[in-house]
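Order of writing sets the labels: A, B, C and D. Residues in every chain begin at 1.
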Amino acid sequence: MNQTNEERIKNLLENFNKESLQPLWTLEHDIMPFKPKPQSVAWLWKWDKLYELAEEAGEVITLDRGGDRRAIALANPGLGGMPFATETLWMAVQWLNGHEVAPAHRHTPQAIRFIVDGAGSYSTVEGDRVYLEKGDLVLNPPLLWHDHGSDSDERAIWIDGLDIPLTKYLNANFFEPMGKDVQEVDTVKNFSVLKYGAGTMKPAWEREKPKYPPMSTFKWSRTEQALNDLASSGDSSPYDDIALEYVNPLTGDPVMKTFSCWIQMIRPGVHTKAHREVCSTVYFVFEGSGYSIIDGVKFEWQKGDLFIIPNWKCHEHVNPTGERAILFSINDRPTMDLLDKYREEAYTENEGHQKVNATFDPSKK
Amino acid sequence: MNQTNEERIKNLLENFNKESLQPLWTLEHDIMPFKPKPQSVAWLWKWDKLYELAEEAGEVITLDRGGDRRAIALANPGLGGMPFATETLWMAVQWLNGHEVAPAHRHTPQAIRFIVDGAGSYSTVEGDRVYLEKGDLVLNPPLLWHDHGSDSDERAIWIDGLDIPLTKYLNANFFEPMGKDVQEVDTVKNFSVLKYGAGTMKPAWEREKPKYPPMSTFKWSRTEQALNDLASSGDSSPYDDIALEYVNPLTGDPVMKTFSCWIQMIRPGVHTKAHREVCSTVYFVFEGSGYSIIDGVKFEWQKGDLFIIPNWKCHEHVNPTGERAILFSINDRPTMDLLDKYREEAYTENEGHQKVNATFDPSKK
Amino acid sequence: MNQTNEERIKNLLENFNKESLQPLWTLEHDIMPFKPKPQSVAWLWKWDKLYELAEEAGEVITLDRGGDRRAIALANPGLGGMPFATETLWMAVQWLNGHEVAPAHRHTPQAIRFIVDGAGSYSTVEGDRVYLEKGDLVLNPPLLWHDHGSDSDERAIWIDGLDIPLTKYLNANFFEPMGKDVQEVDTVKNFSVLKYGAGTMKPAWEREKPKYPPMSTFKWSRTEQALNDLASSGDSSPYDDIALEYVNPLTGDPVMKTFSCWIQMIRPGVHTKAHREVCSTVYFVFEGSGYSIIDGVKFEWQKGDLFIIPNWKCHEHVNPTGERAILFSINDRPTMDLLDKYREEAYTENEGHQKVNATFDPSKK
Amino acid sequence: MNQTNEERIKNLLENFNKESLQPLWTLEHDIMPFKPKPQSVAWLWKWDKLYELAEEAGEVITLDRGGDRRAIALANPGLGGMPFATETLWMAVQWLNGHEVAPAHRHTPQAIRFIVDGAGSYSTVEGDRVYLEKGDLVLNPPLLWHDHGSDSDERAIWIDGLDIPLTKYLNANFFEPMGKDVQEVDTVKNFSVLKYGAGTMKPAWEREKPKYPPMSTFKWSRTEQALNDLASSGDSSPYDDIALEYVNPLTGDPVMKTFSCWIQMIRPGVHTKAHREVCSTVYFVFEGSGYSIIDGVKFEWQKGDLFIIPNWKCHEHVNPTGERAILFSINDRPTMDLLDKYREEAYTENEGHQKVNATFDPSKK
């Protein structure tokens, strides 16, 4: 027993290992870093390439082949090849051929669809069929049956946002095919939008506050009006310019429990200030062009591009053009808020603007 | 001490009285009746008469004369001459001459205005000036400074709804004149409507849930659209047909804490079912004509009329015409809900329709 | 028609009256005063007198005689002879003879009982029978069946607190006798206290947040411990010294929707600061003696006395003795909070202490 | 371009990979399984071994050596050597030598301590020093400064529970040493327990509902009383027998946002029914012995042992002895509830009892 202290420590660590134990003191700041160190990286995908590959998938992949949705997911290069945009969020481009049907299923992941081009397609959520138009946001709360289809000769294309990575991490995934392609449909089209879409008023006889928005869809015409109105008010966010968050009008809460949807107008000539937040965001460029600076790297974006702002990375947005830019995005801030994990920090140097050290180069994973 | 029991009881009651005491057993069911027995009565005021008197007031009463608002209040004949529409609610017609100013003040009663005819008039609430248009609903949460004025040659006329009777009962009234006619005004007109009016989305950087709706006004164009949409959905209330409740879009709650505002379309040919509720309602006929049956009495109403449904009185609405009827109303159900006093009961006899025993005769107070 | 303006105004007012209308400008500050002007007055009832009259009632009034509870209510001299302690609150002394039964009924008014002397009596609320001990607080949420009885030879005596005046004002009263004296009783005595009484922990399988506290009774031993602990913490209220509010431990809310219950220790030598509030309070002196100054009038109280602090009256409490004083009280602050009517104001002159102008004289109603 | 469809698909997948994209259809049910498939496994650690290693660590590891807490964490064999008890939860044994100090720091992970043996030690959380006694639960909400120390010659030992794995996954970790060993201390010991510990009443002047329980500690004497009372009530959970959840008494919510603490008595002879849940649990055997069956495997436990029930594994508890068994545990159900991920399922075969297929053998990782 004439061991030195060092020998005893070595033995102790071996015994810990043998007994499925781990001391805190050897890895305290790996597991509890002083500041967040996300694995996911800032990244950008070009629309042209995405579209080309989606189109090819539309030709060669049928919907009965290994999966029931023709969805092509962003795979953040920092996340080891998993189809996850960030640690918590999934974002994909979905392609539906004319007269095709994506069969009915349901699942616990919370889901939204932002329509790039509807072209005669529809989504049915629990019997409520809505025809998809460019710029619409369609909601899919957990465990509601949903299927998609097309009455048109043309393809439809949209962006899917889900909390698949978070649900997988939490081991909370349940998935159920309906066993038939298309569910029964309510007689009135857009029923939930007609009944609940006003936002500032509600059917007087409905007394419950639903967990999710009572209408399945936020129509683009209303969204665009809201953006223009907010711009006219003269108010704006220093970090996000004309930024609106979609809400459940019967509670004021984000549309999903785990993530939120935003629509944002970066006005011509606007250069926002930089800040960083404990949340991650996936952007889709709906209209216009510009660039974002993320931790000193310039990400130039154009219509259709998708890009990612990881957790706790400083970011600012610029629209150097003469036309408005419109960005749709999802972020996991609701998860952070509910679990009391959110923090934010303004970038205070250089009047709030980062120096650009590099331009994004996708060849450098 | 050789008193009989009756003598002792008589003495006891006298002693109670002397000592400012009261036995429960002598008046238990006066103060705790088996069912509600409101003092306020169902009543109806005709618009022609109201208008004629308001016009006369516009000529002979100036706004510096014994009061700062030219408001003519409904005085429920059951309430002893007090200017109270029901036990809890105040409803008045307010008349503002062209180029007149109703000076700035603030108070704890919660207030709304429903615009009958705006004609170039405005309301300013805490610096937020809104030009009034027919059918607009303007909110005035407690203790916000407000003044009204007109840029036009014409008179404006609107309906005032407040919880003055309730506030008086609760001894919670505070009233403060600003000491000047007109407050400072924000540079952007309709600021709060532009910033917050969307209802289904909110400025993303605003994180608080405000106690009252963040926008001062619900514009009629949006209200009418919502009525039409709800009618198109095919859903409706058996008691109120196409009935919408104005809500705070950041909470889903009624616009005021003590009372709620509704807008209702009784479609041509509709005859609703009867029920009764622990709450009282004051109706303003914004458009169309029809009648309501309140405890077996028929109240015929036309555009501009006002009428009252007291607490726990059975009521049903009928539109026998070929045109839509639109009713604006306020009710104290939020007070009942918050204090856990609300109850309701369907009228189940005769397929839900009361027999008409009489027609309202205003000469019989 | 050559009327003067004064004549026209006179006519107008007559016409208003005829049409059941009332102008705001003639009585604006009667119905909307600049500050609250309650009708109820500060008052105090001596226990000796109350007890003597209650005892006499115990002898001459049987429980089948014109009422089912032998309750003697405080009738605030400002409220016109009604048995109301304040505009919203009812407070009564209830006397139950040994082996007597107060038969089962239920009602919408919210109710509590504070036990002065239990002596083998019990209350049963929805089958949950609790034996009453001195200092216990028993809850009676709306529409729960309840009856009282005694297994002892001795009389029991307690204080009843209800929102009868408020419920009457709101026309929300429903009352129902059960039709039998005593309801079925759960096999386990004090069931709800045993199951839910811990306060800091809850049965893990119960997921709902109940509207009212899940246990029917707050036992005095726990209450006294809490008072002593709070006193030991060194913290206290400048206005109320060691003041605890009973709460629903599953929500943190007051025990009733319309009123709250407090227990308060005024420590020996303490003289609190004065303030005034938009709420009214009825006090019962459970232990000790002292005095309160209400709007400059000194109210001396001893064990068993009851007294009232009306709305918006300045008040401060003094314990000039060497023994602790313990005050139980109910107040309508929850009503004010829920309806957004609460305000408070510190008395800032003279280091927060009012001058005493008079001593309460009950002969001057 | 005369490729076959298979060739085109192969090319497409290669291009996806090159472009950091991933098709849904190749791995849909890996990332969205039909039912949860957790990586963490059911496991059990024996107290004798844990104690022996902790004691050795007490001798050879000083608190300035590579970490500031002598905490030895459970490393679930399913989680690749990370010191994580489950995917979301951290559980460790912490050993503090007599007269030792664990220096002040703060962090975003939410933390609790359950005291195995206090022996003159204390925890100070934001100036509020509490002396630790066996069975106490001490809370450490995020970003509150805390340090531990001992006034005694003896070692203290406790169980640490934190959401370190979840916080790491969410990239929400912030950690800050105070730069000194011991923070300033309030003059009154156990201040927060004295002020807020009652649970069923609160200081009347405190109006806010705090995000975390206002008292730092739940004392064992109260906990034990609550267990005995609940047992006396005759009510119990079919799955967990006499199970109490610690709550924030001002909201009724779990003590932490991300995880909850339970104390459970399995009475002599009780054999609970089996069920499974979307949440994971780490158990510490505070008193007594018995066994649990987890997915058909028998885990025998005795005083001091720790064991894990992973997500969606069927489990039931048995106390075959004549003495009560008391289990303390933490579980991540609040995370699941807040994010709308919770589900549960009763095991319905064989009257709710699983067949035992094996007994836990720690040598088979």
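The rule is short, and it goes like this: contacts are C-beta pairs under 8 Å (C-beta built on N, C-alpha and C of every residue); 3 or more make two chains touch, one makes a residue touch a chain.
In this text, all values refer to a predicted model and were calculated from it rather than measured experimentally.
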| item | value |
| --- | --- |
| Intersection of the contact lists for chain B and chain D | A, C |
| Whole-Å separation of chain centres (CA-atom averages), chain C against chain D | 44 |
| Averaged-CA centre spacing for the pair chain C and chain A, given as whole angstrom | 53 |
| Between chain C and chain B, distance of the C-alpha-averaged centres to the nearest whole Å | 31 |
| Shared-contact residues (touching 2 or more other chains) in chain A | none |
| Pairs of chains in contact (touch as defined earlier), listed by label | A-B, A-D, B-C, C-D |
| Residues of chain D defined as touching chain C within the complex | 187-188, 191, 193-195, 197-205, 209, 213, 215, 218, 222-223, 225-226, 229-230, 232-235, 237, 239-240, 243-252, 262-264 |
| Residue ranges of chain C in contact with chain B within the complex | 5, 8-9, 12, 15-16, 19-29, 31-38, 43, 45, 49-50, 53, 56-57, 59-61, 65-77, 81-83, 87-88, 92, 107-110, 142, 164-176, 211, 257-258, 278, 280, 310-312, 335-336, 338-343, 362, 365 |
